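You will see two complexes here that share chain A, one where it goes with chain B and one where it goes with chain C.
Let's look at the complex of A and B:
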């Protein structure tokens, strides 16, 4: 229970900071929004579910951008602010604190999807009817948690080094492409598919498409198979993250990197 | 076996910081911050650490509070080893690092305290009541729902104090808890510290204010260049100066050169100078005040001297004597 309490408190804490300083919206919501708009314009009038692809893709990009950017940078912010030591001095465990923040950050990305949804319907007259709204919601929430788990994994690097911002910048676009946010990964060279299949959100997006698009023919795993694979991969992320956080926290206590900015 | 009365035990503690410069031919630099120190703090004791900047006080506190690992040696708090059982140690301690940093500025004081209460696992049924009590205790209740970024330095420091007590800890570490406080607020903080110890808490604090250490501490460790150069009660430390007297000179226009001449006089142990824009105060430690009064005032001939007094040594005099390498 203390772990859940730390996750819930940090989720709320991140939400309070978001309200106090909504400038997060600019890099994390506006950019994916613009990219999605470009896709909608490019494929306007095409047959098929391009609008839905664009809306789902934009939503995913927003969620990932937010998770990666804010989870990582929230540690750096704490370091600058002198609060990293203060939260580390609590018995909660840094990983659960970052987990709560990651979930909030992924959730914020949903705003992006909602904006795009409204624009797609109002300006592009897009057909966004869901094949199965309940399964869609379930897949959507599971993908949100999977993205949070991936963000958690990467954020351990921020505990160790103040240079981890480079990692954030470098990982933003590969995940957009690798998970098939904007177009099916079948379009990518075969060797990149290995990376794509190792990403939980790839399977989450597949589940979302199965639930949203009637007659969708994606991976042979289908809706539930994709959900199961996503769950296994995501839990693996969490297990690796727990281990990494333990290691990097110990290393940071050795080299005093909690306070170096 | 550690006695039940011993709450903190520091044994042969060493901390070396390793840093590197350059990319290809990386030069490694080692800085010895804490050099083989040992001491114990008893239950209900108010233990002080005094020392100049860079002496190793904050590094020692950070090792005791699990934020840094010792390079060698051990620290146990409430019987738990800080290296092996950091989470157990954290459950029992409170930490006041103080200063301008260490608070979330964009949210309110109440939200800061609630967040830390959650992270410390304060029972939900008690959380809001405890937050209110602490806000009242540090006199921030009226502005509890304002963002911390709008607070003065003193208010932030008071919020630091409240945060350090949010989990009702058995052992409290305070690093310069009254820094930045106005005299009234500093007096209130000292009163609060006394009340905490009277209530059975164990408290370890660092401070630069000698009167604060003298007034509050049961025992004081004087730390210099990473070593404990003296450990005693305030009275015991002052007794190091029992054969000494202080010639205090107040005047204007006293130059550094003259201070150096006084320092080199036979029979002078140390000289401290408070040099302001207006009045200057020299405190000259001497073995025999009657004998040294004339030589000291002779050096200052031609300067405007407004007062010369012979005084009993204070804790500050003992401290200066110790950190100037006389222990």
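Let's look at the complex of A and C:
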């Protein structure tokens, strides 16, 4: 319960931060937004569910963009503001504080999906009717949590380095490519498939497509199979993140290097 | 007059040297090399696989791979350069810098010069990926023309970045602006599809960016065209770079004076 309370408090704190300075949403989702616009233009004139495919992928990219920046930059902002040591001095583990921030930021990333949805309908006359809205919503929320878990995993490394900004910039495209959010991963070289399968969001976007696109033929696991695999992978991320946070937190405490520049 | 020029030259050179030293004072060289080698490969890969998925699209793998290789220059020339004034604010060094009588144009263009070299290296590495990972044929390439295009674009995009940096002087943070213009080129500069495919109201934005002329000229050079055949594109690219420098300088002086008057130089 104390962990859940820490997550809830951190979630609320991040929400208040967002309201105080909402302009930070722009750098976090600008790349997914631009990419989706580019892909929508490239998909123009294609037969089938290409527009829906692009919008769903864009939604996921927006959540990842915001989650990644949140996990990387939230620690960096604490460094800049001189609040990192105070945050670490609380009895709550840093991981639960970052988890609350990550979940809020993944949620805010949905704004990108909404912008794209409006643009796709207004400018591209896209047919975006959902096959099963309830399952879609479930898959969407599960993917949001899976992305947060992945962000949590990466953020443990950001505790150790002041160069989190550089790392976050470099981690955006690899996830977009690896999860196949805009194209089937079957197009990728075969040896990369194992990396794609180890990413929870790969299964998340798969279950989202099963729920949104009638007659979608993706992985043989189907909707529920993809959801189950995503849940297992995401829980594994959280378990590894808990371990890593303990290690890096202790290392940074011993080296006294939290806010070293 | 001669003394003014030599003084400006000294300021320019010392700013360039200091900027490089300052970069590696906080950035681990290993991380810089990783950034240099890996930032572009995933961007190119992403759009190449999108094109392979969309059969029948106007764009080809070569079109997209070269476009994205050239646009990777924006990471250093637009993003890093745009953040120059923002970082001064962040570090609390903006006022000590602006209190000096040093020539502003020489100081800030000097600060950005390392990113020109960085940008040229980034694009050549990205073109290497286009050739070896994505099978783009460089057999007919006019390498002199391609080198001129890349070098010119590194300068013009840096000047464009400096103009954005001048706007950043008066913003709470230049990061937001830097991010918008870092990625805007993907949409409006003919990186992934011709500018003519954009809605009419977006096309002028594309034609106002040096990158638009650079992507076209680079594709021509890869197809074997020489410098004489792409003179118009190079001219537009160069003129736009100089025009953005002039606009940036004016904006900088206006905002500098305004922030001095209002006492808001480092206000957040």
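Convention: the second predicted complex is superposed on the first by the 260 of 261 C-alpha atoms of A that agree within 3 Å, B and C clash if a C-alpha of one lies under 4 Å from a C-alpha of the other, contacts with A are read in each partner's own complex, and residues count from 1 in each chain.
The definition used in the following text is that a contact is a pair of C-beta atoms (placed from the backbone, for glycine too) under 8 Å apart; a residue touches a chain by one contact, two chains touch by 3 or more.
Model, not experiment: these values are computed from the prediction.
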Chain C versus chain B on the shared chain A, clash or fit after superposition: fit
Which superposed partner A:177 touches (first chain B, second chain C, both, neither): second
Touching partner for A:23 - first (chain B), second (chain C), both, neither: second
Which superposed partner A:9 touches (first chain B, second chain C, both, neither): first
First (chain B), second (chain C), both or neither touched by A:225: neither
Chain B versus chain C as contact partner of A:39, first or second or both or neither: second
Chain B versus chain C as contact partner of A:123, first or second or both or neither: second
Chain B versus chain C as contact partner of A:83, first or second or both or neither: first
Minimum distance between Cα atoms of chain B and chain C in the superposition (Å): 8
Set intersection of chain A contacts, chain C complex versus chain B complex: none
In the complex, chain A residues that touch chain C: 23-24, 26-27, 30-31, 34-35, 37-39, 41-46, 50, 80, 123, 162-163, 166-167, 169-170, 173-174, 176-177, 182-184, 187-188, 261
Sites on chain B touched by chain A in the complex: 17-18, 62, 65-69, 87-88, 90-91, 93, 95, 97, 99-107, 111, 114-116, 118-121, 147, 163
Touch list for chain C against partner chain A, complex: 26-28, 31, 34-35, 38-39, 42-43, 45-47, 49-54, 56-57, 59, 75, 90, 172-173, 175-176, 178-180, 182-184, 186-187, 191-193, 197-199
Contact set on chain A toward chain B in their complex: 2, 5-6, 8-10, 12-13, 16-17, 20-21, 81-83, 85-93, 97, 250, 253-256, 258
